[in-house]
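So, here's a batch of structures to check.
Two complexes come next, and they have one chain in common, chain A, joined by chain B in the first and chain C in the second.
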Partner chain A sequence: MEMTEERPISRWALFWAKTKTFFSKPQNVILVVMGIVCTFTTFAPIIAILNDTVQVHAGTIDQYLSGKAEGFTLVNYKDLFTSRLAKTNLWIPLLNTVLVSVLSCVFAILYGGIFAFLVTRTNLKCKKYLSSIFIFPYIMPQWTLATVWSNLFDSVAVTGTKNGLLAGFFGITMPSWWCQGLFPSFIVLGLHYAPFAYILIGGIFRNMDANLEEAATILDTPKWKIMTHVTLPLVRPAILSTILLVFGSSMGSYPVPHFLRLTTLSTKYLEMNANYAGEASILAVIMMLLGVLIMYFNQRSLKSRKSYTTVTGKSGQTSVINLGKAGKYIIGIVFIILTFFTSIYPIISFAFETFLPNPGDYSFLRTWDFKDLTAKWWITSENVTENGMYGQKGMLFNSTIWKGFGGTMLVSVACALTAGTLGTLIGYAVSKNRRSRLAGYVNSVAFLPYLMPSIAVGIAYFVLFSNKYFNLYNTYFLIILVGTVKYIPFASRSSLNSMLQLSGEIEEAAVIQDIPWHKRMTKIIVPIQKSSIISGYLLPFMTCLRELSLFMLLCVQGFILSTTLDYFDEMGLYAFSSGINLILIVTILICNGLINKITGASLDKGIGG
Partner chain B sequence: MPKIVLTDVTKRWGDFYAVDHLNLVIDDQSFVTLLGPSGCGKTTTLRMIAGLETPTSGRIEIGDQVVFDSEKGINIPANKRHVGFLFQNYALWPNMTVYQNISFGLKNSKKYTKEQIDEIVQRVSHIVKIEMFMDRYPSELSGGQQQRVAIARTLAPQPQVIFMDEPLSNLDAKLRLEMRAELQRLHLDTGCTFVYVTHDQMEAMTLATRICLIDNGVLQQYDAPLDVYNRPNNLFVADFVGSPSINFVDAHGTQVEDGSMDFGVFGGLKAKFKFANKTDVKKFREEESALMNAKAEEAEEASKDKKHVEKKNKDAKFNYHIARVDEDKDLSPEATLDDYVLGIRPETIKVVSKGGIEAEVYSAMPTGMETTLRLRIGNFILTGVVFGGITYKIGQTVNIKFEGNGISLFSRESGRIIDTGALEV
Partner chain C sequence: MKKFSILALTVLAALSFALVGCKKQAKSNTQKIIEEAQSMTLEELAKKAIEESKGKKFYGVGNSSRGKSALPLFIKYLQSFDSSYTLEFEWQQPKNNKIFDQLKADSLKDVGTFAMTLIQDGNQIETKMVQTGVLDTFIPKDWAEANKIDVKKYNGYLALQTLNKVFMYNCVDTTTVFNNCWDFVAEGKHGQFMGIDSEVVGKNFLYMLTAPKYAKNLKDAFDALPAASKTALQAEIDGLAQQAKDLGLDENGKYALAWIKRWVGSYTAVSDDGPICSNLVKSDSQGQFGLLVYSKLRSVEETATTSKNNVKIAAYQDGYQGMGGYGYCHYLFVTDNSPLPWTACAFIAYMTCTVDGFSAWGKDMGGYSSNPVVATGTETKYQHLTKEGDKGYDWWVNQGKLVLEDPAYCASVAFTVGAWIETLDKAA
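Right, the complex of A and B next:
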């Protein structure tokens, strides 16, 4: 052979050749680029916030305590953990946070899980209506139900605010623990996240191979034993995902405890931020630690999870449990009533509130006279200081509101586009390199922001980008950046899940025929994965529209709609905050409906993935 | 023209060796099947040649082009290797019609005009008889039709080499037979080199011009189908190929002066084995031990290399199975140099009216064309195939003989074949 004189090539040339081969695959390029980007966007804020806890802030308490004008000090930790105020500033909020998160989880799983079981496994009536109405609370802003709760149960006598519907109309006053604090907070958060439990657990119930249960039935196992020994263990992974999700989200929630006056780490943070900046950052670190802790537990159970994923594609008819002739109607009606209060009543209530002449003036319900209603909150077109308008124009003409609306739309669309695209690419690249360590790293580092409480992520970016070197405070760029980082996990998860179901051969068949990457993507992968990819865009968009916790520290109050709402609420213009809620809910419902009609994708598909 | 050469190709994941130092030459226009039990590395081999998997080390050439060389860092991507690949699950694009599926690859190369593409699609779809389905989507086709579309799509860009990964395993038995015949015809019509992965030895026997038998990532034998059948390299190959399986018989004895072997078989019967060719067992033993030493040395050498990773899925000696009435008792004593294993194909066992040895009919399964007999000699059971519709009674005594020169003799020490020959009992 004439090959005899070949010499081994130099090490560098070999390295170069290998690198070139590595980068000739688009998925590797995506992984490397996203690895670098996500490392920065995820870890930089964490480092910044850790740094902030030991930095001396001029003009705040730590300067006074440490006696230094700049430099580093541990005095913040010492003061927060050991001072006289430790109980009010740290331990009580921490306890409340943990309590509210745990109870929300339990409530969401019970409510959503039972509903999922009823819808998928029994002959309940009105399943179709119920299952679409059930996810409304998640689509609506978190604080919706909190304000509904206040509108229903508040009273001058107990809470010292305006009279709610119950007190104003029926003259019933609920006790204080019912109106404010821990109880309503976890109920509201639980209701808000129950759709997650429903979608995740219901997904497994639906796809579970009926043979598994039938096998047990044939062995003459009692029904309850099948439930506890076969069915529930199979649902375990879904329950774990729900816990992960609900715990992390409710821990970082600001609006719900804020409206319902519960002191948690997130509300305490905002309280302390001005004068105790360093100590507030420690609270943020604690929240992040809690998030990481939950992720660690989830990761551990994920490892043993392999043996549980017996969900096959070949699900036959699942056996339907008979609720009895009356039972199927009675339980159906119970749920119709329950979902009316969680899903439809808020919309009516918000609409109604915007026509009340004064907050808490429900005289219309007694007189049914339209003179007792007013449209002034909507149509006042000039500056008036009387009528309780505080010099604001009516909502239809209020430039602050419509500017906020425009800002929200811009932010949501931009976040959805960037997070959706990047997330889809990550999902694609990770699914192509299942075994590689880099893919595992990119996947988890892109997923990490999902588990960090929104408020903590907001804080981190505030610290990072609002200082003497950078000042991006109150810019769309910053908000979109934060939104993208926080929402990439939505898209990457839904795209990874569906890409993993797509046999690699589908793309390889195109590779073999020398079809370029962009064509493989646009002509094969994207068309096949259309609906899950759209979900990957839809989820960030919907979530972004109603996001408050994440953005509230990064912009002034009129910048986007959710912060505008907060502003009017604090001002006492309750009709305005209700009106803005209504605008948001209607916008989200219209968008969801439109996208569902046009593409067939919907929110619930993406979460269930 | 494309001749495929694999030199010392290894693929491992961690310490699991999927393919272990494989050397293989696939001639132009041949039809080679990669055969082996599931998980033996055959699909991995195929995917490495096609470029869908990157070998850990080694070198692969297709035609006169080196497509992979770990030492030089050459790795030509799959799309530049100009090969065809037929996937096990067909991998048809569900969002495209049959026509679009077939033409998609052609539209991307600027070589063809629209009319030419039409013509090619016409031609290939005519070959596999799917002209009438052009506007259907894959989900609207049956398994066999999908299979044909996949073949048409593979043929369309006119590759010189076509790789097939268990293309028939998803079809029902009847369709599989039909498609098998069509693939054979296709091989002749196109003049392409076919490399075909299967775990079905019947498929491999009937289709291939050469069979490449792999076990645990190691090449066991690479020969024409009938050579693999008649002269298996070792006990594993003998056992894997052939249905009903070959009979293994332990034999103890030595070579006598006239060159034949005197054996004790079936727990005491005397037998004489005459080699088909002149064979010196002593010489074979010398070679055998030299070979084993060389292997051990090589392994030691390799373990000195820092980069060497020990093979976790170690190559174990093939555990051949001797059928007995009392299966649970393990009678095989330690192997000595006087221990051998005879491999007797079922069809070499003949029922004769007298002479030979006596055996009791343990079970008889007539199919009409032939009868599969299980015969009991003492504690041992032999499987034989007798042609013609003869009815045997269970428990009946028959006389049997071993016919022809096709009995294989293996060394028990290494499991390798010594030679074939005739056996007289």
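Right, the complex of A and C next:
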């Protein structure tokens, strides 16, 4: 009998065949490419800043203590953790950072959560108006509320600077703890991030299955018990998501604690950077470690609920709680007043500030004489100093402001396009390989930068790209790169959540028809999940428009609008900073409105659509 | 997966360390050009600059935004020799002390981006920029002649101007009087001042107070205090005698430490001199005072509640004792790897040796050209002394007892006196 000889398949051929099969799937190509890209963009800056902590910096404490002009030393760690300045330079800022982050979370969740409940589950009046106006503090640069706070509550007697409106006109002086430090910092940050809680928690309330609560009601369960045993557990994932997002963002906030005089790790970093450069880098590393810690908790929470999405399912039934005849109006009015102070008053105050003759000079409110108002901050077309313009042209003619505006638009559009596209692709690829380790890795590594404090990410990128080969400081490339890396999670999470809702059969049908991948994406996937995908573009765009902490160490003032705004604020030229705020707010509202009209997506409809 | 991650991280680590750990190579080309340029007139330098930079782009970086205003005037000046001369330019003004990081990073390249810099903070310049060879000093011939300096023997930097920050107080309440610099640190007093961590020249001012000359001034001012005020301070001053000794200060060092301790523990940090000025000129700021640049007063607009007349300069008042404020310089340097060294030298010479070149700063009071000829020309043209009541640089240095920044001294005490200052309690 003749035996047919089977030729063994070589290992190489097997490997090649497997590789070819693997890469024949577009989602695998995306995962590999994005895995490499995200690994570099996430870990290279971390390594660079770690390196900076052990380098000798000329003219700083490490050179003095180590006696070396260059090279490496561990003296920065020793000095930061054990010297007599450890309490001042490390422990107090660290404690303040944790406290302000935790309290901001609590405040944002309580304020945003209660508001979300009222809007989605009750018969509250003026819901539409309140829903739109509630997100204004998130649209505005975060420190604008801090300046409004100072303008309201500062007093010569307590803060030793100027009399704010309350002290100046009503003789009311608020105590020091109210005017500056931890309390106003967490209130301002909480107000800024409460829209997060509203969007995330509101998303669940809106889609929550009312049958559960109704069943409890039928069983004669008291209302408080329904709330604590049924409703709150259902919104737990959203609360967790809010904590993760708000904690990470508050921790890396520089401008709010800076304006309200709270020493945190981020403000300390800038204070120490001149003479304690290596130790300042350790502070940045600590901030990053806190980010990684949050990531760990995020991963644990992801494992427990399988998905980041806060929408737990859709119910045909929604129950509306009756607040009572008077209650629906009273609570509505309370929120109209609250949102007036957090959303409308700042805008009025900004507009008013641009017509004051001197920064913070409210003579008009005493005299009601229009001579005490001026349009010079808008219309001065010459570079003059005689009429109190501090060498600046009016805003309509100020090339610094309009160049900054152009830069901001460029950065925002570019970041939105790149972060939106890459994030969408990541979301798609991860959803297609949700059980693969590579997908899990890419998903995590792409999300990590979002949980790292903005200022720490900025510092790390500055260190990484300030060398012999790359000196990218003050280039749009660097800002767009950092913005993209930081905001990919907006799009990847939004995309992942929506892709997970999409049945695989839809694409499989197209695959059987031999329709190429790009056509499947553009003709099937994207149109179906249009709203969520647009959210993934919209959020990076909106956030980039008023981002400061992330970009402030990467470019000079005048390069983008937020650094220009910060510059004028620091200079005390509040007319300019207020005017820029108005420009930003109007731009965001126009963009949000346009996108809402064209696509139906909207910021207040939430992360993940 | 784990192995892949470890491999990826190892490669990244190596790459990142390589990227950030590169050493600077010494460059002498710029220094050679500077040596040659120092013997040339401004006109000769202008011709060299035209030859070198016609149609090119010039990058400058500085702490003052007005470099941007000076550059077009410089280009116009060069066009007076060659009407076809053009120069694109970009002037950057980094914040948060980033100028030093930026210059350091740029110095790592063979040919840098920045041609020159206008920079403040003598301490950091000395330790981070000059000792490390990042920046080179160029002394223009005309400037040296005007200051009667032998360039070969001169070891200092080239200052464009000296700026002064002076004690001012709100005088609406006429009973508020500050007769002595110790009054600014009296119990319960809180001056407004840019935080010493946000503007490091403020820290240099505190370092300078410990120098023998200024410590002696503080002692003299202390001696002139009324007996009751002296008694209130004496124990604290004596208590710092040992500390002064430990820090290597002279016998009057304890007065300096006491003043510094009280100032750091009492001042209200404000983000910039602009808001300090805006706060002080208001009629409801009775009793408030601050230490800020003189020139901020120029922009105040008179209204019902705001007026320049609500503020007095402490040192101008009869019988005032002690320092009236402090002075710091804007220095000019050529980067050691300057892409356009001749143009940088010409631009520096133009700013320091001509009234037009200095006009970007000279048109406003409070900044004094380091070139006496330019200073005189600027006063003739803008008349700050006559019209605006400024008493001028010489008055401030002599009668006003301005504390002047000395980069070498600041660098020598930055981590002795400086470390002690870090331990002090700051005002809430």
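FYI, the second predicted complex is superposed on the first by the 578 of 609 C-alpha atoms of A that agree within 3 Å, B and C clash if a C-alpha of one lies under 4 Å from a C-alpha of the other, contacts with A are read in each partner's own complex, and residues count from 1 in each chain.
Everything that follows uses one rule, which is that contacts are C-beta pairs under 8 Å (C-beta built on N, C-alpha and C of every residue); 3 or more make two chains touch, one makes a residue touch a chain.
The model shown is predicted, which means the values in this text are computed figures rather than measured ones.
Once the complexes are laid over each other on chain A, chain B and chain C both fit without any clash.
Once the two complexes are overlaid on the shared chain, A:T21 sits against chain B while remaining clear of chain C.
Legend: residue contacts after superposition of the two complexes on their common chain; A:I172 is shown touching neither chain B nor chain C. Once the two complexes are laid over each other on the shared chain, residue contacts for A:P527 go to chain B alone; chain C is not touched.
Of the two partner chains, neither chain B nor chain C is touched by A:A215.
Looking at the shared chain after the overlay, A:D514 reaches chain B, while chain C stays out of its contact range. Within the superposed three-chain model, A:F462 lies in touch with chain C and out of touch with chain B [touch as defined at top].
With both structures placed on the common chain, the touch criterion links A:I506 to chain B but leaves chain C unconnected.
If you count the residues of chain A touched by chain B and by chain C, you find the higher number for C. Of the two partner chains placed around the shared chain by superposition, chain C is the only one that A:V156 touches, whereas chain B remains out of contact.
Chain B and chain C never share a C-alpha pair closer than 16 Å once the two structures are laid over each other. When the two complexes are superposed on chain A, none of the residues of chain A touches both chain B and chain C. Listing the residues of chain C that touch chain A in their complex gives 1, 5, 8-9, 12-13, 15-17, 19-23, 66, 69, 92-98, 100-102, 104-106, 108-109, 113, 123-124, 126-128, 131-132, 190, 192, 195, 197-198, 200, 268-272, 274-279, 281-282, 284-286, 288, 298-301, 303-306, 363-364, 411, 414-415, 418-419, 422-423, 428. Remark: chain B residues 13, 50, 52, 54, 71-75, 77-80, 82-85, 87-89, 91-96, 104-105, 108-109, 153, 157 touch chain A in the complex.
Remark: chain A residues 36, 39-40, 43-44, 47-48, 51-52, 55, 58-61, 63-65, 70, 84-85, 88-89, 156, 159-163, 168, 176, 180-181, 259, 261, 270-275, 357-363, 366-367, 369, 372, 374, 383, 385-391, 437-438, 441, 462-464, 466-471, 473-474, 552-553, 556-558, 563, 567, 569-573 touch chain C in the complex. Chain A makes touch with chain B in their complex at residues 8-9, 13-18, 21, 24-25, 435, 503, 505-506, 508-516, 519, 523-524, 527-528.
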